[in-house]
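Submitted below is the structure of interest, expressed as structure tokens.
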Amino acid sequence: MNKLGVHALVWEKGWSHDECERAIAKSAEVGYDFIEAPALDPSSIDIDFTRRSLEKHGIGINFSLGLDADTDISSGDIEKGKRGKAKLLEALTLARDAGATHVCGILHSAFQKSSVPTTAAGVAMSVDILGQVAEIAAKSRITLGLEVVNRYESNVLNTASQGVELCKRIGADNVKVHLDVYHMNIEESDVPSAIKDTGSYLGYFHTGDSHRGYLGSGTIDLAGVFRALVASGYTGPITFESFSSRVVGQPLEGILGIWRNLWEDGYDLASHALMYTRAQLKSATETLRQVERSRLP
Amino acid sequence: MNKLGVHALVWEKGWSHDECERAIAKSAEVGYDFIEAPALDPSSIDIDFTRRSLEKHGIGINFSLGLDADTDISSGDIEKGKRGKAKLLEALTLARDAGATHVCGILHSAFQKSSVPTTAAGVAMSVDILGQVAEIAAKSRITLGLEVVNRYESNVLNTASQGVELCKRIGADNVKVHLDVYHMNIEESDVPSAIKDTGSYLGYFHTGDSHRGYLGSGTIDLAGVFRALVASGYTGPITFESFSSRVVGQPLEGILGIWRNLWEDGYDLASHALMYTRAQLKSATETLRQVERSRLP
Amino acid sequence: MNKLGVHALVWEKGWSHDECERAIAKSAEVGYDFIEAPALDPSSIDIDFTRRSLEKHGIGINFSLGLDADTDISSGDIEKGKRGKAKLLEALTLARDAGATHVCGILHSAFQKSSVPTTAAGVAMSVDILGQVAEIAAKSRITLGLEVVNRYESNVLNTASQGVELCKRIGADNVKVHLDVYHMNIEESDVPSAIKDTGSYLGYFHTGDSHRGYLGSGTIDLAGVFRALVASGYTGPITFESFSSRVVGQPLEGILGIWRNLWEDGYDLASHALMYTRAQLKSATETLRQVERSRLP
Amino acid sequence: MNKLGVHALVWEKGWSHDECERAIAKSAEVGYDFIEAPALDPSSIDIDFTRRSLEKHGIGINFSLGLDADTDISSGDIEKGKRGKAKLLEALTLARDAGATHVCGILHSAFQKSSVPTTAAGVAMSVDILGQVAEIAAKSRITLGLEVVNRYESNVLNTASQGVELCKRIGADNVKVHLDVYHMNIEESDVPSAIKDTGSYLGYFHTGDSHRGYLGSGTIDLAGVFRALVASGYTGPITFESFSSRVVGQPLEGILGIWRNLWEDGYDLASHALMYTRAQLKSATETLRQVERSRLP
């Protein structure tokens, strides 16, 4: 069974003690198995407090982050590569201390609107550094999920097949592709096929909808997405992600272009997302079973 | 808010005391507001027992039926018309005594695979008789829902626009169109548009999926269906209907062509359908709200 | 490249010399590679005239038929089985003499609305007889396509997976599954997946839409259908089939339930279907190519 | 009938005499009614040469542009507003001299990835200046199309309903909404509903697909898009837009994030897009006609 999670930005924009406690308490109350916390600034996270809050409420955690221009390991700049590696290792420490199983997001490049394409040398540097980071992650049994995002958020991984290609170049068992339906809707030719083609390289999954609002209120064929996940035999984490100007602040508001108030009440949003996800996973499971059930006498 | 119901054939194939009690108890336990009971043979229904069972479990009831060749009020045969009218009135009595608000189904013609098209005279006779029946139904505040079904189940009403046309010819406030997604998937050019175009003539609605199995496990774009229902402002009953050779027997098995075992466990099926329906209704409501929320500063 | 064909009922309801000549001439004029002619009554077809007309207009032909109650090889009745086999062999002779490559349709059972399920003995008899027929067909290099149709047209093969199962039981290289989107829309849980799962067993394909009218004017996700065909590597015939009360007469009108006038002008219909099919096949081909084109530097 | 056009970037990245002549010749050869030429730098366009080339090949032209940070009329900065107005008037002059009917694109703000939301004062300034520009455009019978784009390309108009709101504030008959399916796929909750709700405010339309490659090779339900256009009674221009790193250069490559080679052969791409568009417009027209054709006897 997939563990179901919710992104912390559904609840809070920061990670002060109060914000951390509220976000974890609500995620647990709604019924999620874990929370995904952004680790864009790992130093802002009090990991002891976080771990105690998780234990108190009985749920798990995973961390996500994106590198920035100054820490871009796909830049080809050695100093930036060193800083990027350090940031990734810092996130790994957080994850290990919090009992996380996955660190995911744009780990392979800068999380920004680029103005020029990436380069072969940049990609090679990213492969090299991620290989080193993966080795350390493996010691804490942590899986890295390389998030495939749209053209406006990275110039390196925009399609699932590129994600698989990068994983193969890195060649570590604990480096997987992290897919997100919001981005797939923009970049993939056929979302269900892309999920199936990713196959066993899929290690982390983000649900959401085309405008990043309520699940099922946008343009994405989510039934097809859940069918592909189930048909692929994917058993990893599935996290609901949604952003509204009601919660998100700078710098994420600017990077993500969150100009609209897509929802007011994160609790209503997250409760619905969980029910919707369970309903669709069951529908998808029964879709497969129909085939088994249609036998000739 | 729409009342949500479930068809009795999800539970039982007949309506003996035991079957009636089990079907009503389970419908209530899952959380439905009402059960839809087939009244193909009204004389087989013990209405006092049924009413007590409904009261005990705190849910409501609606009845559905289809006429047959011998009672076909669209046949143009006066004797068949008389028998058809009598059968409809018998169902009305049942409905009144059970506290039902709706009698629906193929009330306007025979529920069978026809081999020739209907005729103008047959349709006129159906209009005439339904007008008389509607007058009597009005006294018990009962709405008649004329079900639009696929070409293999009737040769009269196959599209929503034909349903609206028949309602207009009858001209009674309590005669409405009863739409069913299973049939719409076969006959309509555009399901959401057909629902919206039916507008205030819509009086009863059947959900289900393309093969009549688990909701969301077939080919129908159910998200579009629920969006159209919500966008139309439809507040009437929504009933989940599903048939498996596990439960259904003759003559329905033969008329409906139920050759496959699409599910084993009606409780699992009905519980999922209710969760799925609630999730989609909420998604549809939020779809409309997104538009309201996108205002310029 | 797939050969593209059109069903004769787009043009004419019979196969007199005039009807045959007009149907073949128009199919060729629009640009189709072949015509699919119904052989419900093989004795009504003048095969020499037909062949000369095909040669004159430079297109090919394939034949389709369905058995009836009296020739039902899945009935378990030995006499009906003999008559059914004779009818299939008669169609094979026609096909051989006309230079056809495929004989398809409901070759395995009666083409009718059944009222009871099929039986294990009936299916076994169908397997046996089709094995014998296939051997004879192989001598003329003719492929048999067993059409999977909806529950109202046969009680034997309703899903693609049942079609594959029957082919496997027959075990002849020239017996393949004949899929039709109109029927798949009703019976399959997931149409693209069913096409892909049929894989190399797919031998003949019918396009159309949910109401059997203009291509792209119904409820079927045809883009997904063409993507699945291309992704499967299917290179066999693709025939456009559509029925309107404007052309079709009895007994087909009755068996198929054609109560509506879905189009007036078969030439307009068939011209559009060809353009639509070519546009979608190209879109599908490019969908696959996008994946190949997204490589990392 | 809608005039069908193609964006010049399908052919060429610049507008030198050679590029202009080739782009116009090919657009005409494929069968388009007009070409849409980018006027990001109006001074680079030799309008006399362009007009002669259009006349020679017998097609029309429309212009599109986006303002930049320095000419942003939604900035609230008076000097930028003046420069923006001057740029828009320069484009109007081009359009008038070339015989164009429409000037469209991001006329109301900067075409860029913003990092902060727009402001009420900025929107008010944009309304004011566009009102003045519209008055001048009206004298040359030119319609302004305000393009609604995704969050990464502007922070002002991201949804169709915002576009309608801006048009209403401007209050000029020749200021209309310019919709683009690529952007709608990201921002709208329901694309067909958004098109229908825009109604008579719709003045210009861009087709394409989710990744901006071959039409029909992405994730967008294009059948639904064309149905909504036809159902709305939209008779204005429809332009196919597609970008590949094969043609597009800086600065557009950077602004648009064109990192992938989505196609190699613009001629193949544009020919297919025209066939695909015609096939879908016809399917959409017939979808509506099915409703008219289903009348009771």
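Note that the chains take the letters A, B, C and D in the order they are written out, and that residue 1 is the start of every chain.
Basically, contacts are C-beta pairs under 8 Å (C-beta built on N, C-alpha and C of every residue); 3 or more make two chains touch, one makes a residue touch a chain.
Given the structure is predicted, the values throughout are model-derived calculations rather than measurements.
Between C-D and B-D, more C-beta contact pairs are found at C-D.
Matched by residue number, over half of the contacts between the chains of A-C recur in the interface of B-D, chosen from B-C, A-B or B-D. Distance between subunit B and subunit D, defined via averaged C-alpha coordinates, is recorded as 46 Å. Our note on geometry: subunit A versus subunit D, Cα centroid distance of 34 Å, whole angstroms. The set of subunit C residues touching two or more other chains comprises 117-118, 158-159, 189-190, 211, 213, 217-218, 221, 260, 287, 290, 294. By the touch criterion given at the top, residues 117-120, 123, 156, 158-159, 161-162, 165-166, 169, 189-190, 192-194, 197, 227, 231, 286-288, 290-291, 294-297 of subunit D touch subunit B in their complex. Taken in their complex, subunit B has these residues touching subunit A: 211, 213-218, 221-223, 260-263, 272, 275-276, 278-280, 282-284, 286-287, 289-290, 293-294. Interface of subunit A with subunit D (complex): residues 113-118, 150-152, 155, 158-159, 184-191, 210-211, 213, 217-221, 245, 250-251, 253-260.
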